[in-house]
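One chain, subunit A, links the two complexes that follow: it is found with subunit B in the first and with subunit C in the second.
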Partner chain A sequence: MKRDFNFTDFAIRYGFLILMAGLVIGFSIAQPAFLTARSGVFILQSVAITGILALGVTATLVVGGFDLSIGAVATSALMLSAYTMVIWDLGAVEAVVFCLAMGAFVGLVNGLLIVKMRVPDLLATLGMMFLLMGLQRIPTEGNSISTGMSLPDGSTASGVFSPGFLMLGRHRLDFILDDLVPLSVVFLIVIALLVWGFLELTRHGRVMYAIGSNAKAASLAGINVNFYRVLAYVISGTLASFGGILLSARLGRGDVASGNNLLLDAVAAALIGFAVLGAAKPNAFGTAIGALFVGILLQGLTMLNAPYYTQDFIKGAVLVVALVFTFALSGRGGRARG
Partner chain B sequence: MISRRMFAGLLAGVALIPGLAVAQDAPAPFDKPGEVKIALVRYLSTGDFFQAYLSGVEKQSEALGVSLQVFDSRQDAALQADMVDQAIALGVDGIIIQHGLTESMKEAAQRAVDAGIKVVAFDVNVENAAIPQVEQSDRDLARLALEQAIKDQGETWTAGYVYVPGIAPLDRRDETWKEFKAKYPGITEKAMFGTMDNPIANSVANQARSVLSANPDIQVVFAPYDEFAKGVKIAVDEAGMGQDVAIYSADVSTADIALMREEGSSWKATAATNPAVVGEVSVRTLAQLLAGEEVGAQVIVPPTLITQAELNELNISNMEELGAKMPAFVHAEVSVSPWMKLPAR
Partner chain C sequence: MPQDAIVITGLTRSFARNHVLRGVNLTLPAGKVTVLMGANGAGKSTLVKILCGVQRRDAGQITLDGMPFDPPDPAAALRAGVVTVHQNINDGVAPDLDVASNLLLDELAAGSSFFLNTRRMREEARRIAGAVGLEVDVSRPVRELVLADRQLVSIARAMSHHPRLLILDEPTSSLSAAETERLFTLIDRLRAEGVAILYISHRMSDIRRLADRIVSMRDGQISGQFEGDTLDYAGAVRAMLGHEITEVDIAIPPQGRAVIEARALRLRPDSVPFDLSLHENEVVAITGLVGSGKSAFAEVLYGVSRAVGGQITLDGSAYTPQNPGVAVKAGVFLSAKDRLLNAVIPEFDITRNMTLPFLSRHAGLLALLRPGSERGTATRMIGEMGVVCQSPKDSILTLSGGNQQKVVVARWLAEASRLLILDEPFQGVDIQARRDIGRHIRASASGRATLVLCAEIDEALEVADRILVMSEHSIIGAHRNQNIDLGLVMAQVTESAAGHVA
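Moving on to the complex of A and B:
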């Protein structure tokens, strides 16, 4: 061991990953079924939707904002996709296009409210959250959407969820084992890589970090701050609507749901991500790991028959520990990364 | 006026004798139904069940010709109590309290009774002898589903159970589950799970996947709430265990019917009370009180067992067809007085 080994530094950088490895080992000993390929893939599947939402939140956190409307955007996309296919009798392509367009549009409105109308981030997106929670229920008068439902004019809805659309949430690819990897996991990985690449490797990404750390300085350096802030919300809205599409494809119906739990889980994943590798800032890799961490915990606890409230408790405890890692330890030892 | 009311009451009483029921004039105050105002004060309103309940209340009110005002507290217990006071101030003749917490509603309900208003409570115990309680029988619901499970699977099986404590109807269904486990020692409960995280079906699916991979020997899952059953079915399908696991549940909706009828579906049976019928019964019970008729302390709406085989046999694909082809589901002969007009079918 080198003499200048600094324990705090080490703990900040790798503590979280070591904790995660410890959890995997612990759960595997307690319940051997935990350590199988299917179980591993399943953990990824259970976090795919919140993970994608969390990557959207990360984009807004990077520019120093916050998007509270993602849960509502996701459930709105869930209802919109069901409405498109079941009531308008259109296909999978239309459903996906409408949802993504809706998500991007909501993000654009959020961004413009914040940038042009100068409404603080939290308040603008909070308003949007309530607006969407109500709006998504108006067309069906509060009912869930499913084939065969009665419409207000007395007829019954005849459209069905198109098989192509359901594939998005249900199809499995052969990978080592037959039918192993669900498409939603592939989407999560691809989106994580895209967001990571965008934020870490492109000029745009670095500009967004610059805005997040000091918007005024960035503006003086000639950066179009408003454009990038709006862009962050458009990314967030679009990713949230994509999460909603996957949810809809998994459930196979337009389920009336508030989406608040999606929001909370996604935010938790993004915040836990601050602590990974001692980044002390929002980052796509950390967010993905954060989502995975929560997924591993929940899968393991469920396998061990732990009741749901202990799961909430442990989720909260992990978040608090992660935030301590980020703020207290990194603050003392200086930023681990530049 | 008094003699007239007595006469009407007498008529209604005579008409209760079977065979004598013929169309007749409604008793006061339903001789002028347009002047009767009733209020529905809700605690829970989001979701298919509550939407259907409301439609039942609306339809029966319309059939009786009374005017209905809906107060929606959206799970705010204090607001719900205030809303009862608002309804009292508006001078309504009757109030239906739909769900809520005993602690917050008890006094408000008593104030309404003191003001001379007739009150009916649905699925909330307001601890008041003057207030009849309308209930869907959760114990019967669970019993019907479990009896079907015994019939299909025999008396010895390994079970998974979905339950979240602290929710009144689920707690009542849980009592029946415990009785069954005691009665049939061959039933082994291998795992208990459950969550109310929204969207419930998705969260339960995640849990059920873990449970099924940890306990691949589970043969029966008892999921006494349809959102739970939906989640379990997603997990069973994803795990490719459709042939090995049978799901028994409670409640029903159009989407549930489609899921139960899917090729090789693991969802074998559900027991349900039609929420719209419960809504209709609530209004009729209130109407009987207003007309001065005798009403018991508890009004129970009986559930119906719906099996996969029946749905396939009768080719039922939505709630309307379910009502049309299983008449027990669309109308309950509960709290019906001969003078009452029933909603058109």
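Moving on to the complex of A and C:
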């Protein structure tokens, strides 16, 4: 059986990885400081939070859905953790538990809106996004939360961010060099491996892909389609709230203005992931590579002193190219998402 | 002496390493119905796609009324007078638009004036509809029409272009007997008007009724042409398959113990209740018109919907499944009809399509799947069913229709069941694949009850020990498949259910 070399196939499979290698080489030549361990770790740190959010979106994309509320869930978790520690004066454990529970609950509500109330995915999560963006500002009347702020009842907030909580976002582990690897990067890698294993290696992941491909057929194969669709949103909400916890721990205050770019960056990473290795479908490995790709690009541009406002433009351009890779070149028409 | 509307010479087309058409030479005379027969994968669909402008040829000539014909897209083919009615009826209509807009869709697309003149459109639409005997209110949206009327809408729309060649691809597969007859009358009229008709079907009853000529196709070439006063149907099937097809001999085995017993089962508030029992080691077919309630009965047994009244027992205990998951756990499996809609997972390969319902069997600690176990099941079922493929990792969409059907049926044969329901298992499947599937259903039937639902009586005769007739959501006749009185079965299929209980 003769197998002739097909350039299009090759480009679809390896195009993005080659492009990424090219970027690394190009930036290294232009700016030798780019190719150092510190710079590499900085890239990973910059993508840790969006990467975790993107892995959550990937779960919803797999079942043929889409979660637009992840950015708002993350910033809500940021505000909730600050509120828990600064205003209620509780500890790190409570803050983490409250945030994760909030994220899971929001995911559950999203899922139920979609499967029980039959609201289309995009609209349900868009509504939830607006709801949370407003809700997170109500308790503090729109102000950021920090120790010593005056509260609506006239008293002063006495609580502080607990050191244990701040460690989640700021601690660095010794790895080859002292203080090299941030804890958040470890979280990203562990979560990426878990999501990848869940989607690719377990029967639950397989079933979720079946639902995304043909939900009617999956249901007639005896699969509880609604359960898995809700599960996907719970995973997405929980991971988004964990991303919010890391953001809060890094900032050390409940900043109402943070996290504006989280949604777009995470969605871009997940969609770029479609093009990695010619998968033409949402996948955890591709999402992780997509997040890394965006990180490398932005870090390189920053080191080359490109103005900040060009970065959004370049992110958008990369996303469009990735989508062309997925949908036009592979000729499979991609997934018909409704 | 009729002129030749379409002359095709030396037509070839390949997809990568796969040579689908290898030099097709075919003439389609005006005013004749040419039936095209071919096994799944013989190249029929590709030939049609080239004629209607969906795909381009690699080499070869086509002339239409003596002029070279090479449509770059479907619109060009339509303008040249080649009209295609596809198997999937909804492909030909815009369901949310009203009938008039659908009938005039091509004019709307071409667009002579900016604003629409509703009254003139409706008059024009009524004229076009009348020409094919379609009697509906043209202001109704197409989605409210029955399937047969929707098909007539797409034919009527095509007819307003004065076609030279009309291609019909399995047009009767979703039609009732009366609707089929209405379509045939229309075809007769078009034939008399001098339109060349290319009719693609696996149904012998359609072919006997319509064919002036039969052309058999095998492995991308024309393998036989049959014309004259008496057509050689057996020869046409032989040419299509490349070998003789043997008649199926059913030796009815002894019934085992009862698996399913239904008492006074009422599928609809206004339907007549019926009793039914299904036993181990027997294959029971239910036949009846489209819409007679066969699929509704299957849905009740499989937990998709609930019966209005009556009881069902499974192995002696009450059985009312809440959803398909519960049914599968109880050992009741359903291989649904319309495989692309209800069974095929397009993004999965053959293996993953086969193992989908029973993934827990292939999963171990932490729900991790064991690829070896999946591969074993897939390889075994591919062998048993005779699925023609290069590897179990082939994407399901690379398979021909018959082989896809074998995969989705094999999905449910891979595990032991108490009751296996197969809804239209022979849909869009050539005769060889049909025999393969039928043989395997029989061979594996000893430990379970098997229920086959099929609208075609011929298919029921090939596979069943007992044939039940369903009409208006009730069983109105039961026949042992031995010296069966076909006239009586046919009469029951078409008569009303009033006053009959099996």
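One rule holds in what follows: the second predicted complex is superposed on the first by the 325 of 338 C-alpha atoms of A that agree within 3 Å, B and C clash if a C-alpha of one lies under 4 Å from a C-alpha of the other, contacts with A are read in each partner's own complex, and residues count from 1 in each chain.
Rule of thumb we're sticking to: a contact is a pair of C-beta atoms (placed from the backbone, for glycine too) under 8 Å apart; a residue touches a chain by one contact, two chains touch by 3 or more.
As the structure is a computational prediction, the values presented were derived from the model and not from experiment.
**Student:** Report clash or fit for the pair subunit B and subunit C bound to subunit A in the combined superposed model.
**Tutor:** Verdict on subunit A: subunit B and subunit C fit.
**Student:** First (subunit B), second (subunit C), both or neither: which does A:206 touch?
**Tutor:** second
**Student:** Let me test your reading of the model: by the given contact rule, A:15 touches which partner, first (subunit B), second (subunit C), both or neither?
**Tutor:** In the superposition, A:15 touches no partner, neither subunit B nor subunit C.
**Student:** Would you sort A:42 into first (subunit B), second (subunit C), both or neither based on which partner it touches?
**Tutor:** A:42 sits against subunit B, while subunit C stays out of touch.
**Student:** Go through the superposed model and pick first if A:281 touches only subunit B, second if only subunit C, both, or neither.
**Tutor:** A:281 contacts subunit C only, not subunit B.
**Student:** With both structures placed on chain A, which of the two partners, subunit B or subunit C, ends up touching more residues of subunit A?
**Tutor:** Between subunit B and subunit C, the winner on subunit A residue contacts is B.
**Student:** At the CA centre of subunit A, how far apart in angle are the CA centres of subunit B and subunit C, to the nearest 10 degrees?
**Tutor:** After fitting both complexes on chain A, the angle is 130 degrees.
**Student:** Counting only touches as set out at the top, which of subunit B and subunit C does A:217 meet: first, second, both, neither?
**Tutor:** In the superposed model, A:217 contacts subunit C only, not subunit B.
**Student:** Quick check for you: in the superposed arrangement, does A:146 touch first (subunit B), second (subunit C), both or neither?
**Tutor:** Only subunit B is touched by A:146; subunit C is not.
**Student:** Once both structures are aligned on chain A, how many angstrom separate the closest C-alpha atoms of subunit B and subunit C?
**Tutor:** 33
**Student:** Which of the residues in subunit C come into contact with subunit A in the complex?
**Tutor:** Where subunit C meets subunit A, its residues are 17, 302, 304, 323-325, 327-329, 334, 336, 341-348, 352, 356-357, 359-360, 362-363, 366-369, 411.
**Student:** For the complex, give me every residue of subunit B touching subunit A.
**Tutor:** Going by the criterion above, the answer is residues 45-48, 51, 164, 191-203, 205-207, 209-211, 213-214, 216, 230, 234, 237-238, 240, 253-255, 257-259, 317-320.
**Student:** Show me the residue ranges of subunit A that touch subunit C in the complex, using the header's touch definition.
**Tutor:** 1-2, 197, 201-204, 206-207, 209-210, 212-214, 216-224, 281, 335
**Student:** Which of the residues in subunit A end up touching subunit B in this complex?
**Tutor:** Residues of subunit A touching subunit B: 31, 33-34, 36, 38-39, 42, 45-46, 49, 75, 78, 141-144, 146-150, 156, 170, 179, 182, 247, 250-253, 255-262, 298-300, 302-303, 305, 307-308, 311.
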